[in-house]
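Presented sequentially are two complexes of subunit A, the first with subunit B as partner and the second with subunit C.
Take a look at the complex of A and B:
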């Protein structure tokens, strides 16, 4: 029996946030603190010829690449991105010089004159000469199957950049302590920042990274904080004083990562009845000027590119291309929203060409337990594509509406989708995450690096420990992530914090319970004192993954969803208004129903913005509309009625049957909305579907 | 932070006296009147405005909506947008004004923003608001970054090679259609300015946005008695459902009798460097039959002089459709 899990208990961070007592990075002050500022490139491609400080430099700390004590490289996957430009500039807003001063006005007034030798930039990923990563997934013989297919349908689909718009912009404070640095910051992954600081400062300094209360991340605070942390640390080391760097909204939008734009081409072979026999998919992501996480975003994108469908012959070829634009990076969904968008709009076009109903087409081809995915993973009983589809169709009376609404200004469309939980393939095994649980005088304290970024990590982890340990939820504390004290439970990304880290914590709690031998934590503590339990992730023993050929069990499990969007169009103005979205999603089971509902609502609205509103305008390699006046995200009035259904299908590998949920809701809304617009008779294949795009669309 | 002197004015002459010490009442004015502050404080934080003296006029007796003997309304400069929008007479007799006010900003901002302030609302052109970019309106002679920049939301009427910024106010569009007058008190006494003369085209001096001189204080906006039998509407098209500036908007006041248009007043927003009166379309409609062909012809005529920028060509058609639809709404050809 559970008393906390499955209940919408009060949030661990709720009171502090509701009363305004919670301190965010910019609320923190340290004695003698300086403010930091980043001087950035104003060309997209070229070389720095000279740098001149055109101001009175007294009182300033000035850092360029020559001040870096160890390596001028942001430690991530490929290690190609410098903290500070040496001579080569690869994108707009690339950091070149750092300044710090105790007076913000003086800091903002400082004029650094940089002379460049400009070179010809590359902005079109299709014309780029350089790919950061190529991935090929191959099953069966696609060319053979296409040649013998009764029908072949082709199509190209495009998605734009998307900005995270977390409510709190990026910000950190580097504080000198004990001959080293303590780095406080708004971030998702304290140990990523730790590793990055080691790379820039070397191994001689003591280091710790402390996550401050974080106002949203959505992936935008996965890898980027490593950059800003390094900058603040360099200024702090040189000045010997605490240095705070907080980006304003414009700087945050111009300089930091965004969702990768994509171009996805499909060539699909089918029988006349509509059975998929061959899928040839070409995926291009615009990686920007450095590799950052593009290789793994591409990997997840490619693995999800064939959609939740069975097909014996699949070839997916993906490339993440270099362009002279600020690097794109992690964003909720991590490549899957782009490729699943293409797949789901393509399915609609296949149905149109076959002259069949797209629902029947999906039902016929949807992955079922026992079926094989594109990577030849055989699905277990926790595959719920059909259940989601059928429930969504039933609740919305989809078939009847699809007929009845024809010829009106209201359209209805759906999207079927899925999302692998946790790191891909052997990723979780390599990470080998650890969690620690400390017994306290009143209960237990969770000691993990997993971060609360608004999604409910602390609450959800405490619920799991509370029930596994059999003690009241209120007696479970959660430590602030500080790399010097907590276990490295891995990054807070990839829909893994509940399923993977939650499971390790559950095992910690179960072992602690055994050690307590029937005593309460208080009784045990009084008698024997405190102790800790540390556990490491255990990869399911059945998982096999071939990283060279991208074949095998890509994820331990998948969450599944079906979104139905109903939209209205004004044919005078091409305004599209979502009227209702029904989201049926299966993610094992909700640990905290209200928080899970919040994840689905938030992800759905973020997906609606991606589909209809959010347009990053790039000019000469930089975002030209980097303000919230010109980059529009949905408000409450743009949010339609949401009907959210949480289907349960317990996954044995997760805590109390839970899978990951964070990213799934982002995958469905864009294709569902675009398919609803297709139902209105517009041949739309690209997002964002702003009125100018719609007005140029051919009629079906 | 930059220092400034703050004075709470107790009387209108005191406010005018301090204002008159300045060299200009336009961009960069050293003395600014502080009412709702929703634009001014924003621009001070962005380093776009640097007044050395703020004169708080919130305590002056300028917050009444008065019924005039001629049947018109006199609106005090300090009447808040929310109060004006929800005023019973405004809702009944000047619906276009109420709808325009309620389509702007957010409820919180409308509670604070004033009539006089909204009259003087500054452009949302992001190059004006970003001191790292060249802008002739902010810094005369520095150039216009918008012309070669992201100009999707900017003007297609009344532009000059120096500036293409739009006037962002919804209220101003309704006031233009209503032929409002602006009452001003200054060091040389009181004067009344017809609304159409109040705002200036950018020309070679985009930093001059109105005819106001140092010391001039807007005290009232006056509306003539409502036209008997006229219906009025405001239609605003924008990128999302709320808290967003117009891509195109139309204020229409329409008289219809015997299936024909009588007097028609039309002003449009989101497309002009000042609130834009559509006289050619008004003339084309007067006396013409109320039908789809007339409306579409008038809407086309209204935008005949439009000069799109590199990225807002769509606005021409959007504005035509906006005006046509506003006319349909006002004549009952379409339901809202």
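Take a look at the complex of A and C:
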């Protein structure tokens, strides 16, 4: 029986947030603290010829690449990105020099003059000579199947950048301690930052990374904090004083990562009745100037590129291209929103060309338990594409509504989607995440590196432990992630925090319960004292993954969803307003229904922004609209009625049946909205669907 | 709604212009405050005023601000915004900075009972005004009804916009506002929440107003 799980218990972080008591990075002050500033490139491509400090440098700490004690490389996957430019500049706003001073006015007034030798930049990913990563997924014989298909439908779909706009900008404080550095920061992955600091500072000094309460991440604080952490640490090492770097909004928007723009081409073969027989998909992502996480974003994007559909002959070819723009990186959904957008708009176009109902087309081809995905993964009983589709159709009275709205200024559209939970393939096995649970005098304390970024990590982990251990929720404490004390439970990304880390914690709690032999934590503690349980992730033994051929069990499980969007167009201004979104989503079992609802609502709102509002304008390789007045994200007024349905489908591998949820809601809104706009008679294939784009569609 | 090309931002990656006028309180503010740590204690013990023992730092001016019922004397840079002064000189960090340009609402406080974006105000212009921050409307043991409603309705995720949302919502109670959710949304549209907690925020406000939330337009 569960008493905490499945209940919307009071959140561990609730009162602090409602009273303003919670401390975020910029709220912390350390004695003797300096403020840091980053001097950045003003060209997209070229070489630094000279650097001159055109100010009175007294009282300043100045750092360039020559001050780096160890390696000038941000440790991630390919390790191609420097902390500070040596000579080659690859993108606008690339860090070249760091300054610190105790007086921010002096700091902001400092003028650093940099002379460059400019070179020809590459901005178009399709013309780029260099790919960071190529991926091919192949099943059956696509060319053969296309040649013999009764119908072939082709199409190209594009998505733009998306900026995270966490309301708390990136910020860290590096504090010298015990001959090393303690790094406090707004970040998702304390151990990523730790590894990056080791790379820049070397192994001689003690280091620890402490996550401060984080004002939103959405992927934007997965890898980027490693950069700003390194910068602050370099200034702190050189000055011997604490150094705080907080980006202002403009700097955060111009210099940090965004969602990868994409170009996806489909060539799809079908029978006349609408059965998919061949899918040829070409995926191009704009990676920006350094590889960062592009290879894995591309991987997830490609795996999801065939959508939640069955087809025997599939070829997916993906490339993440170099361009002279700030590197793109992790953003909620991680490549899947781009490729699933293309697939779902393409399905609508296929139905149009076949002259059939797109629901029937989807129903006929949707993946069912026992079916095989593009990577030849055989789905288990918890595959819910059909259930989600049917419930969404029933709930919205979709067919009737679609008829009824014909010829009006309202349109309705639908998207079916899925999202793999956890790291791809053997990723979780390689990560080998650990969790630790400490017995305390009153209950237990969770010791993991998984971060609370608003999604409810603390609360939901405490619920899981509470029920597994059989003690009240209130007696479970959650430690602030500090790499010197918590277990490395891996990064807080990939919808893995509940499903993967939660499961390890559940196993810790069950073992702790056995050790207690019927005693309460307090009784045991009084008698024998404290103890800890540490457990490591166990990969389901049935999982097989071939990383060379991209075949096998890509994810332990998938969450499923179907979104229906109803929109209204102003035929004079071509502005489109969402009227209502129905989101039916299956993610195992919700641990905390209110938090889960919040994830779906929040992800859906971000998806609506992605579809309709959020337009990053790039000029000469830099974001030209880096403020919230001209890069608009949804306000409460842009948020339509949301009807959220959580379908339950117990997943054995997750804690109390839970799967991952955080990213799924991001995948559906954009294609659902664009399909609703198609219903209005506009042949739209790109997002954001801003009026300029729609007018262009209308005049075709 | 959409004007991507408007060159409306005034900060280039490495050149800062607005700073020439508006400034942060900076080190002067921190050094010049008379009642930094004692503030909380002063409030708790009901001591009405802290004394001005601050050194005379060049370029700063003396100011007395009435914040959450207590009068505080300090020296600040005359260009300091109310937001920076509250955060850095008064050490009330519950008020957040999301943009510093009046675009997000995270910095919302009350001046004489009305909500303002404190990043758009000079502290100096508010001598004699009654300033209320999130810390002034309730505490963990005595939540303001709006704070309690945000907790009950889960009106936040990351929490960074929350102080501003709550301060806006409290001020809204005294503003002319129709009964419907759409009326509330209209008046809350200056407070951005990237986590998208909007439906719960509207529900919390409607709860306090005694309207049952409809979760729709």
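Worth a mention:
Everything below uses one rule, namely that the second predicted complex is superposed on the first by the 697 of 700 C-alpha atoms of A that agree within 3 Å, B and C clash if a C-alpha of one lies under 4 Å from a C-alpha of the other, contacts with A are read in each partner's own complex, and residues count from 1 in each chain.
The rule we apply is simple: a contact is a pair of C-beta atoms (placed from the backbone, for glycine too) under 8 Å apart; a residue touches a chain by one contact, two chains touch by 3 or more.
On a predicted model such as this, the values are computed, not experimentally measured, just so you know.
When the shared chain is aligned, subunit B and subunit C each come close enough to touch A:575. Shared-chain residue A:690: touches subunit B and subunit C both.
Look at A:624: by the touch rule set out above, it reaches both subunit B and subunit C.
In the superposition on chain A, A:250 makes contact with both subunit B and subunit C.
In the overlay built on the shared chain, the residue A:390 is in contact with neither subunit B nor subunit C. In the superposition on chain A, A:429 makes contact with neither subunit B nor subunit C. Judged by the touch definition given at the top, the superposed model places A:213 against subunit C, while subunit B stays out of reach. More residues of subunit A lie in contact with C than with the other chain of the pair subunit B and subunit C.
By the touch criterion defined above, A:632 lies against subunit B and subunit C together after alignment on the C-alpha atoms of chain A.
Applying the stated contact rule after C-alpha superposition, one finds that A:105 touches each of subunit B and subunit C. Annotation: subunit A residues 105, 108, 250, 575, 613, 617, 624-625, 627, 629-630, 632, 634-637, 690-692 touch subunit B in one complex and subunit C in the other.
If you check the complex, the residues on subunit C that touch subunit A are 1-9, 11-14, 16, 19, 23-24, 26-28, 30, 77, 87, 92-101, 103-104, 106, 133-135, 138-140, 143, 147-148, 150-151, 154-163, 166, 185-186, 188-202, 215-217. Contacts from subunit B toward subunit A in the complex involve residues 1-2, 47, 124, 126, 129-130, 149-150, 152-153, 237, 239-245, 311, 314, 317-318, 321-322, 324-325. Of all residues in subunit A, those touching subunit B in their complex are 105, 108, 250, 572-573, 575, 577, 613, 617, 619, 624-625, 627, 629-630, 632, 634-638, 690-692, 695.
In the complex of the two chains, the subunit A residues touching subunit C come out as 8, 10-11, 13-24, 26-27, 29, 39-40, 42, 92-93, 102-105, 108, 112, 164-169, 213-218, 248-251, 254-255, 453-456, 575, 579-580, 594-595, 597-598, 601-606, 613, 615, 617, 622, 624-637, 639-642, 690-692.
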